[in-house]
Amino acid sequence: MGRLILLAAIALALATVPMLGNPFWVGLTMQVLVFGLLAVSVDFMIRQVGLFPLCNGAFFAVAAYTVAMLETGGWPTVAAVPAAIAAAALMGMAFGISVRTGGVYFILITLAFGQMALSVATSWTALTGGDNGITNIPYPAVAGVGPTDLSQMFFVVLALVGLMVLVYARIITSQFGLTLNGIRDAETRMVALGYRTVTRKYVAFVISSVFAGVAGVLYAYTNQFVSPAAASLLVSVEAGLMAILGGSGTVIGPFLGATVIMGIRNIVSAMVPGWPILMGLVFIAVVLFLPRGLVGLTGRIKRARP
Amino acid sequence: MTHSIALQFLNGLSLAALLFLLASGFTLTFGLARVVNMAHGAYYLIGGYLGLQVVVWTGSFSLGVVAGGLSVVAINFAVDRTLITRTKGDPLLQVLLTIGITYVIAETALLIWGGDPMRVPQPDWARGPVVLPGDVFYPRYRFLLIVLGLAVAALLWALYRLTPMGAIVRAGVDDREMTEALGVNITLLFTLVFALAAFLAGASGVLGGAFLTLYPHAEWDILILALVVVIIGGLGSIEGAMAGSLFVGLIDSFGRWLLPEAAGFMLFGPMAVLLLLRPQGLFGRAH
Amino acid sequence: MSAVLEVSGLTKRFGGLAAVDDVTFQVSPGEHCVLLGPNGAGKTTLFHLITGTFPATTGRIALFGRDVTTMGAAARCRLGVGRTFQISNVFPTLTPVQNVLLAMGGGHDGGWSLFRSGRGDRTTRDRAEALLERVGIAEAAHTETASLSYGARRQLELALALAGEPRAVFLDEPCAGLSPAERSRVVDIIEALPESITLVMVEHDMDVAFQVARRLVVMNRGRLIADGSPEAVRADATVQEVYLGAA
Amino acid sequence: MTARHIASAVIIAGALGFAGPATAQDDPIKIGVLLPLSGGLAASGEDALHGFELYWNQAGMEAGGRPIEIISADTSCNPDNAINAARRLAFNDEVDFLVGPLCGHEGPAVAQVSGDTGLPLLLVPAAADSQTKWDRVPTVVRTGFSSSQDSHPFGEFLYNDLGLRNVTFVGQDYTYGQEKTLGAVRTFEALGGKVDDIIWVPLSATDYGPVLASVPSGTEAVVPVVVGAHRNRFFETWFDFGYDRRFQLVGLNLLQADALKAVDDRAVGLISVAQNYSQGIDTPENKAFIDSFVEAYGEVPSYFAEMMFTTAKWAHQAIDAIDGDVSDRDAFLAAVREAEVVGPRGPVKLDEYDNPIQNTYISRVERVDHPKLGSVLMNVPVKTIENVSQFWTEDPEAFLARGPYQR
């Protein structure tokens, strides 16, 4: 209950951002929410299942591209959005064979899958607009009603991300969530208890792809353009960093991480010439100095528990 | 037609030779110490740039290759001792850490050498084409690279399979604790293997920089290819690195020739199918 | 009623070494059967073959009358087998109650709901706590398992084997490393198992074995060398020679 | 460097929300410049910024009676960063107009901010055709060039001047490469030339050995349209494999000034590039530009630097024309549209679609003695085609109806 109040308070505080009247902050906060949701999808795999995927940027991008293509092709939002999420889920089902492996193998294989998606985005020009991407994506509208400016879009994003966070919180404390934790802790024991663990990891992977897909949909609508930058490896890598950096294993962690990373990208970058070095140092510092328990695998942190 | 096939075959081999040099170090490090070091791409890049600098100063290509290799040995020693050991074998942390190291190294290289593509000057004795039977012209440099790749592969294989040290490394790959129980100084062994891997990565940067050029983001381009090599071949296996390099090199050259639009799929598609059938790769061990 | 466990001509080779060599025996419903043997006798390998941790080289295994030789470990467990591991294999970051809740759902590969809470309903939770009470760790039911003592984790291990209401339990040295007090507690729990549950247990410790067993199967160097009531085995000359004599 | 530090300080203040409104006549005119200052294209971004700063320094950092303040922001060639950087310049720094960005795919992102806010954008050097054709934004004018603009005369040059009839193109497989390649293919074929093959090379390609082995043997000449590090890789592989003995090499996009740094005398005599600028243009404006740039930064300016230099001059003329009152954005845009500017690249003015009408230079590499730099390789025009429109000789509406160049 306390957690719910905290979330409500944060949502309320964020709702005041458009009142500052500065679209820079509105736009940046929106990006933090969107990439935070992407980080949630990665965090789900890291903390609940114990696998680190490097292809969630591909789910993110495929959903964003689908929305872009359909919306600019005249489809209504009510059809474009489900189609986009379905596209991400389908890709998740295809890439899901990677859960047959584990550990390092899983990381490397998902990385290669992500690169495959990127190479399609840049070279299949007729469909994806190539390097230029797809522009002029309208704001979403249901039955003619929808946001008409950045501030209104902000509230749409806030509401949807908030909803996804609640859904997520429910999933990780569900029966299924508990069985995933069991797999993460001791897969051989889960097998000995009779569970089909690979199937469960597969389902978790697809759930993760759906969350990444929703983030991709929001990304397309908020940015109003999509380019191959959305599918780059660094999107997946930085989403992982956001998840770890945020740390606590709560739903808020990934958003905290997203705040720091987006802050470096968009605010610190204006002050420090070699800021990618700083980004690298953040990666290193997170690994070395943040409590080692923050990684779900070492099992030192208190997790969200029933 | 046969002319083109011969040419593409050689092209595949020359890329395979380069990839083998990079991937064999990666795979050995992983096999022995379970360290996944994504900074290998950055090692390739920084080794290439430093080697280039030495070639420019001394005029000796060979010195440049050695210097590129040795400088990365030093870098890797520092990185390993101060940073990687602190990840305590957690692959997630290792991946994040070594990607962070990649950012730092690549951006530093960018600040020093700038963003324009640079090419390591080829030595005089490797310039120009060789003429092969059937009137096939092939660059002497690439031809020598293939020879070097084969030589290093043979040497590594012999070290790995035929020498006492190789036997210990293989035992270490299989069961580290047992090797330690045998009273082998495993720390020294690790240091040697790490040094060898780092040397190969740095030297391959100089060798690759002489025909693929060095440029920002080269670290990722080459790392992805090397990762596909080890995924296909199987982590921790020298034979796997050989097979994977050949596969990736040949697929890349024939794919670009026959099906240029689908070159990306040609590389990743077979990899996905292989994973479905054999998740541990061609020569990897089930885990 | 057919045998709970039927092993015939079972062999497992590692390289040239036969860890289990042409073993044949049956366990009937309700039997309390203990596999006994010195270190390296092959009893743990046999146990792994039966539970499906790794495949047999040759031979056949049947559980409850079904051939399971090529079946995966999870599928065998779903037939109604609860097992323990020699080295505690519990869920360290979860609480003992969550451990047991997971174990209760495993038999039917349950727990698929994304929205029903993982805490389970009142009755399930009560059953889980009752089971923890039975194995003697009720007071730690809601602390993190990683913080439990070694003995408590062994007891939790036993609870996991029993939680799925199995028809048979396979225990791999459940008393290893326990204090005498903890050991007698585990023995009590095992002896109190209802008649309907078949027990197959690997044991290294003679005292425990003779206390629990109603039937002893003795192995040496991968082969069965004796099979019968504790009294009969104690009197067996071969057993005395290779095992008891050495002890 | 000092200017950058001052600019950075201003950005920090702006980011923290301390920047006050700037309307009075003696307040500076703030120009927001969006360029990649980190990442792989940082060198090009720096070079472009140098060109911009060089002009304003020469102009005394003043226009229309008001001081000029340049605020640069790093986009890292990433549209997500570019959109935030543009908003930051617009709302935190409250710049009067925007200049940039460099990378093609950042163009739409920045144009969108311009469209949303009404803040004028001088689009340069990003070259995507669509932005002055199908996806125009009323507040955006281009001061650089469109991808296919210089390709149209180049296609005719291949046929008429070089007398080629059968050629093979090697095109970089992304938007700029496709537009630049297909523009030349179109005019070459219209004259009756035959394109034997177009070999598309993805940006991810590392090795040109397999690419060049695919060149059909009967072709007369190979025309590369490759970018970034691909240019030098193409060049080296060409000579390594001895293709120079088999085919003629005619660069449409091969060796710009930055790529010339890493090649040797094998390049001398090659047709290297067709573009709206060439370092060897023989005019007083260009000579003065080259000399002052070499003086200030110690190297030959790239075409990025020239484009930003001329853009600055363009903005200067427009600001003067409205007496420094840039707060009237419509008046400023109208002044930009009316201006006729003579830059190092020659005379420039906008067409009806807000794209420059300017010269196309087809360049050849020559070894040139520069008083400061000594003997250097430099691009020198072999043919100048004057007043080239983005639609070439075609009716704009017919061109637009045909749609974008896509493979």
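To keep things simple, chains are lettered A, B, C and D as they appear, and every chain counts its residues starting from 1.
One rule holds for everything that comes next: a contact is a pair of C-beta atoms (placed from the backbone, for glycine too) under 8 Å apart; a residue touches a chain by one contact, two chains touch by 3 or more.
Everything quoted here is computed from the prediction, not taken from an experiment.
Engineer: Minimal path length between chain B and chain C through chains that touch?
Structural biologist: 2
Engineer: Farthest from chain A by Cα centre, which chain is it? Let me know.
Structural biologist: Measuring from the centre of chain A, the most distant chain centre belongs to C.
Engineer: Any idea which chain sits dead centre by C-alpha averages?
Structural biologist: Of the chains present, the most centrally placed is A.
Engineer: At what distance in angstrom does the C-alpha mean of chain B lie from that of chain A?
Structural biologist: Roughly 32 Å, centre to centre.
Engineer: Approximately how many whole Å separate the CA-defined centres of chain C and chain D?
Structural biologist: 74
Engineer: Where the CA atoms of chain A average out and where those of chain C average out, how many Å apart are those spots?
Structural biologist: Each chain reduced to its C-alpha mean, chain A and chain C end up 43 Å apart.
Engineer: Nearest whole angstrom, what separates the Cα centre of chain A from the Cα centre of chain D?
Structural biologist: Result: the chain centres lie 35 Å from each other.
Engineer: Quick check on chain B: which residues sit in contact with 2+ other chains?
Structural biologist: In chain B, 107, 261, 264 touch at least two other chains.
Engineer: Enumerate the residues of chain C that touch no fewer than two other chains.
Structural biologist: none
Engineer: Pull out every residue in chain D that's touching 2 or more other chains.
Structural biologist: Chain D, residues with two or more chain partners: 38-39, 200, 202, 204.
Engineer: According to the definition of touch, which chains form touching pairs?
Structural biologist: Between chains, contact exists in these pairs: A-B, A-C, A-D, B-D.
Engineer: Could you pull out which chain D residues touch chain B in their complex?
Structural biologist: Residues 38-44, 199-202, 204-207, 209-211, 213-214, 228-229, 231-233, 236-237, 240-242, 258-259, 261-262.
Engineer: With touch defined as at the start, can you tell me which chain A residues reach chain B in the complex?
Structural biologist: Result: residues 46, 52, 54, 97-98, 100-105, 107-109, 111-113, 115-116, 119-120, 123, 233, 237, 240-241, 244, 274, 276-277, 279-284, 286-288, 292, 295, 297-298 of chain A touch chain B.
Engineer: Using the touch definition up top, name the residues of chain A that touch chain D in the complex.
Structural biologist: Those in contact with chain D are residues 22-24, 27-28, 31, 119, 122-123, 125-126, 129-133, 135-136, 150, 223-225, 227-230, 265-267, 269-271, 273-276.
Engineer: Tell me, which parts of chain D touch chain A in their complex?
Structural biologist: So the residues of chain D touching chain A come out as 4, 8, 11-12, 15, 17, 37-39, 73-74, 76, 78-81, 83-85, 87-88, 90-92, 104-105, 107-109, 112, 116-117, 128, 130, 135, 173-176, 178, 200, 202-204, 406-407.
Engineer: Once bound in the complex, which stretches of chain B touch chain D?
Structural biologist: 4, 7-8, 11-12, 14-15, 107, 110, 114-119, 128-129, 137-139, 141-142, 211-213, 215-218, 221-222, 225, 252-254, 256-257, 260-261, 263-264
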